[in-house]
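My structure is below; once you've seen it, I'll send some questions.
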Amino acid sequence: MGFYIQYVVDALSLGSLYALMALGLVIVYGILKLVNFAYGELIMITGYTLFLLGGGPLPWLVMAMVAVLMAVLGGILTEYTAFRPVRSKSVTAVLITSFALSTLLQNAALLFISPRARTVPLPDIFTQTVRFAGATIPLRNLITIAVAVVMLALFSWLMRRTILGLAMRAAATKFTMARMLGIPANLVITSAFAISGLLAGVAGLLWLGRIGSVVPGIGGEPLLIAFIATVIGGMRSLPGAVLGGYLLALIVTTLNYALPPDLLKFKDAFTFSLVILILLWRPDGLLRGPATGQRT
Amino acid sequence: MNKSTPITALCLLVPILALALFAGLAGYPVFARIATLLLINLILVLGLQVFMGNSGILSFAHIAFMAIGAYASSVFSIPLQMRGMVLPELYEPISELTLSPTVAILFGGLMATLIAALVSYPLMRLSDAAAVITSFALLMVIHTITVNWSQVTNGPRTLFGVPAFTTLPVVAVVAALAVLAALAFRQTRTGLLLRALRDDELAAVAMGAHPSRIRWCGFVVSALFAGIAGGLWAHFITSFQPNAFYLKETFLILAMLVIGGAGSVTGAVLGTFLVTLSFEGLRLTETMINTSNLLPLRLVGLTEIVLALAMIMVLVLRPSGLMGAREIGELLISRRRRTPDLP
Amino acid sequence: DDIVIGASLSLTGVQAPLDEPGLKGAEVAVKYLNDNGGILGQQVKLINIDGKSDPITVGNNTIQLLNNGAELIIAPCDFDFGGPASREAQSAGFVGISTCASDPLYSSWSLGDKQFTLSMWNTAMGATAAEFAYKDKDWKTAYVVTDQFLAYTKSLSRYFVQHYKDIGGEVLAEDSYTQGDQDFSAQLARLQALPEQPDVIFISSYMPDLGTIIRAIREVGITAPIVGGDSYDDPSLIESLGGKFGNDIYFVTHTWMGSEAHPKMEEFIELYKAYHGAEPDTSFVATGWDTVMMMAQGVEAAGSVEGAAVALALEEGQFDLLTGNLDYSDAASGHMPTKAAAVVELQGGEPAFVGWKTAESQPAP
Amino acid sequence: MLEIRNIELRYGAVVAVKDVSLQVGQGELVALLGANGAGKSTTLKAIAGVMKPTRGTMVLNGANILGQSPEQMVRRGIAMVPETRDVFPDLTVEENLRLGGFSRRHDRAGQAELRERMFTLFPILAERIAQPAGTLSGGQQQMLVIARAMMSDPKLLLLDEPSLGLAPVIVDQLFDLIRDLKKSGTTILLVEQNAGKAMRIADRNYVIALGRIAAEGTSKEITGGSDLRAIYLGG
Amino acid sequence: MTGKPDSALCLSAEAVSVRFGSLKALDTVDLVLNRGEILGLIGPNGSGKTTLINAITGQVPLASGRVLCDGEDISALPPRERALRGILRSFQTVRLFRDLTVSENIEVAVVAKGGSRREAQKIAQPLIEEFGLGEKCDELAAALNYGDERRVEIARALAAEPKYLLLDEPAAGMNEEESEGLLSILKTLPERRGLGIIIIDHDMPLIMRLCSRLQAIASGKTIATGSVNEVRHAPAVIEAYLGSDAGELLHA
């Protein structure tokens, strides 16, 4: 019993984390059709902000808020430097600029901070555990699930019920036409990046809560996860990204629990083969998203 | 054969030979080494261009086929007395097999081609983002296998003892052949159809083109380039580990191709030269600044930062790369034709 | 005319945390040598070109250094990264010494008769950890976790397990983990599900994941002692565990930054502070100092920088280093270092020196 | 209402509009005619704020509007139906219309009323309310673009070849709509290939040729004056 | 002239229906195209003209009915196989290969059905001349103006040596002169090459001068078919499609 509860909570909390990260990526990737390789560096920014503020007089919650704010600013910065100048001209060019930006930020961290891991301040609640029906569950996992639920609800309201979501999609597909309808297209696209930064910041806090320290390369893994979750869930669909996040977590957790240790090292090969299979079965991902308006 | 192709070929072979001659005769071993690596990268980038440039589909898996070429060629060319130490668990029936480096490198290319042919057909149904991701996943799978298949790859550890065979002249010849092959491929039936599919799949299909079969051909040819490059590289570097064939290298060759202009062979050549030379130039500057103690602090990562900025600049100014989709020969011809029209 | 020591230690990338301290220590040593008459009466010059955590760049750099007159090579701290430097040094006929490569592959067998590593091999590190646990502490059963991503972590676990079993210990289970997963719960569940809990947990991993794993183990209330290798010797691990989780942790490493470890340690720390303006933040700085000082002794003994002569001097000499006493076997038997290891313990988040320890025997590489 | 003087417009080095001056009075329906490539669409783009004139003046209701952004133009009551059928293909008909009223999104009642009006005009749009706009037929897309522009309740409406791809009977209805709009006080500047139909409803016409105004006047004046084809070609 | 097939050599749709969700875009429509004739397809916006072409070429699946080419049922074949059987089309919006030159664009049509590059050049050359594209044969398609784009698209379709050519609003956005030029090219094609053409356009004068036969559809159903005169006088057509233009056209 305890084993199963443990398994379920693990899968759910990991899934929540993945879903948040995927959502932040998909808002840029799915809506604006731009792959933001510098997305992981937003998490890095969150981490280093926390580290730099650590030991200071601020209460943790304030530090966390500042850190998330920095990620939001980072998102906006990404847009200004890497996307605005090249957007809609060439998908590959955007990919490379965002990658360049990602190297740039990582090396800046290396140059100005340190190549070594730096410990970030964390509140006690992140390291406490609860016992429940024979399972020991870190509180952090429960917090992750709760935060994800709140964020996802907030976010789906924002995208569905407000005109901002529509305006974003419009501005992304036909920039000039959107402006001709009075939509401040630049601002709208910037806000997509800001939201992406917000999600990265929040996901980053939770991610850091697991690791406890930050290194310049910390963004690589979350980026990869978000990327894959987005893809299996459905590249153009926001609920798809969430589903993809949970599914990926389920796969990873299950493999982690089920594979014997000598096969466990091939876990990544299994995971990615599964991803390939899913894509072959459904090239557009599990949830198709809004039907495309393509026709002859 | 397009009438501008010979001109393009000429324009592209000259810098390769010039580089090989200069670096070979300069008598400064670092130059020869950098030139050799540049030309190996060139073969790799040309291979990427064959698929990605013509089909417009970003492929992350290219470097994985380089890995296959490198490992497949090395395993059998490591001298037997070394092999016991490097690959103690190599499977019985093949553990004694030894190939000469030339044969081994060809074998590596062949293995890469074969594996690409086997695994990629179903993937080629996909285009757009799904294709990009599956190629990414393929890279991950092959990487995970190279990291864990200790019997053959020595796991995550370094595989060493590969005989040094690749020299600057050898690479220069292969790179020249690769340029010609890439140019020729562009003009073949498959090359033309790939480019047509890139521009408008629906229209091409409405004329009878078979997308997955055509893309598959392109992908397989591209893997051959990567496999050969991998074999040459392995026999130059002589010791390597799986991490050499991963994201960093992937992005490096992607950047080369995209900065030069993925749509043309000229772009591939230009991008490779430009990125390698500026990277080495910057590195030299960084070293010089640091060793001369001009500055109170040590500059670290400056090369990467400057290069990243330069990359962004290039792409902001020319999003389809420096060359765009046209070959240098085509540009020269159309310029010549236009000139008399001027008043 | 100066003696040039060339180095291609990485200041950027994954390798930087290991290489950078070594370089800093080496710089202090060079200054010390020059202030005290140099080597063979000649001044010493150290040139480092950033290896960028890329084996190929390391190779290129080493060729460039040799070209510019380097006659002694400091190789980066790992077989993968240091190998290329040593190979180039070997083919140019010079001695190359890695600051802290601990893979037994770092031997004269694979790299050539003029190549050395200052570090003990993983065979010794694993064996020392095993003997410390089984013999000194009487922990009879162990649980082993191995990070699958790195050659270092895999081989260290292998030698620990092999030696621990050889001397009579029982390994209850082995589990693996992949660098970057940040999720240790499945392994934890398996550990907790064991019919019998282990006396000791051996974890072979790296920062930052190492911190994640240890915290996860401690968070669920498992208090069994944890043992590991020199990757624990990282201030960020100690910091991230803090007083709460930093208990009953023991690791085998190169040295201890205090006079308990070596009478000259204080002096080195003073010199280091004078040179860099800050306290050393890791014991890896000592490996850089030792590498240069050992080179100096070798060259003095050989009377020249000529590779074969220096190599012979190193093979024959016995060295009293900040990182323990060191004795190399001859080239035919691999330049195997016989070296004492420092054992450090962590209680209440504070590290303390346990003592020097040399394994009675060690598994064959 | 709108007065343009001596504007010049360029695409890079190509001068598309050399020297155009025109005036549209409050409540007027003015047609802008001319051959392919004469510069009609380019002129409209300048008024919509998409292109910046390199020379000349533009005044709307006494205020200088030269060089203002498209968003600002919309806020001043200008709406444009471009010739390129720019629906947002992935958004539904409803979402397209909702974005058309972006500048008036806080006036819910007004929006609902406008929507009803568009639905009576183009009932097909009401039927297809949830269909992605990209899957509409060519003509349906054209209707959507017109309706979308109307959602901002413009004071000045710029129509660029609105009849393109529409069935003859719909073209009739469209021209009826334009007439109605004019009656209800909207000022309209209309560009059409179908010169005969346009002149039949226009108060005044401008003929543009090779980037300059070649003729202006009421329909009678223009057709009576000389051969329209000759004017079209810049004669 | 009637809609009856003269021989087995014709392209026909039999009781074809197409659905998009709950929408019946085509409802048991029949169509016959003989070799050597030009059939005009007219109807209100959204009546299903483009969809009918898509159904014939296989771009949308049929809900029921079948499509026959020279007597053989091709309903189950994917678009590319139908192209290989000689059914080629143009698109309502121009779809050229933008980064290919004009001559490469045309050659694609030959190599796509299995020809070699050399054959392709042999076939493309005379077409380039015929369509007056000689000057521009090395230009990228992206640099063409609208009229040239349309011409390349038709030349490209012809290079595939189609038996049946389906054109969707080829004259949209052209001015009178340009449509005139297009008309003169299309007019003689069926005889010279022995192919059948379907043309959709809302430019009624053009349609009436070009076509030998018309079929009018509305709301996915055929409302009239027959000679040009029969169809343009049919009350259903006048009401649903022509509107006031009918008057002008009737007296044209």
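Think of it as A, B, C, D and E in the order they're written, each chain with its own count starting at 1.
What we mean here is this: a contact is a pair of C-beta atoms (placed from the backbone, for glycine too) under 8 Å apart; a residue touches a chain by one contact, two chains touch by 3 or more.
According to UniProt, the chain labels map to these proteins: A = Amino acid/amide ABC transporter membrane protein 1, HAAT family; B = Amino acid/amide ABC transporter membrane protein 2, HAAT family; D = Amino acid/amide ABC transporter ATP-binding protein 2, HAAT family; E = Amino acid/amide ABC transporter ATP-binding protein 1, HAAT family.
Everything numeric in this text was worked out from a predicted model, so none of it was measured.
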Labels of chains that are neighbours to chain B and to chain D: A, E
Any chain in contact with chain B as well as chain C: A
Chain whose average C-alpha position is farthest from chain D's own: C
Euclidean distance of C-alpha centroids - chain A vs chain E, Å: 48
For chain C paired with chain D, centre-to-centre distance based on mean C-alpha positions, whole Å: 75
Distance from the mean Cα position of chain D to that of chain A, given in whole angstrom: 43
For chain B, residues that touch 2 or more chains besides their own: 148, 202, 300-301, 304
For chain C, residues contacting two or more additional chains: 11-12, 148
Per-residue overlap in chain A, given as positions that touch at least 2 other chains: 107, 110, 220, 265, 268, 296
Touching residues on chain E, where the partner in the complex is chain D: 20, 43-47, 49-51, 92, 145-146, 169, 172-175, 178, 202, 204, 239-246
Residues of chain D that touch chain E when the two form their complex: 35-37, 83, 124, 135-140, 142-143, 161, 164-173, 193
Chain C-facing residues of chain B, complex: 28-30, 33-34, 37, 85-86, 147-148, 155-158, 160-161, 237-241, 243-244, 248, 283, 286-287, 290-291, 298, 300-301, 303-304
Chain B residues within the chain A interface of the complex: 58, 122-123, 125-126, 129-130, 132-134, 136-138, 140-141, 144-145, 148, 202, 247, 251, 254-255, 258-259, 262, 299-302, 304-305, 307-309, 311-312, 315-316, 319-321
Contact set on chain C toward chain A in their complex: 11-14, 16-17, 20, 148, 173-176, 178, 180-183, 185-187, 189-190, 192-193, 207-209, 211-212, 215-216, 219-221, 234-237, 239-240, 244-245
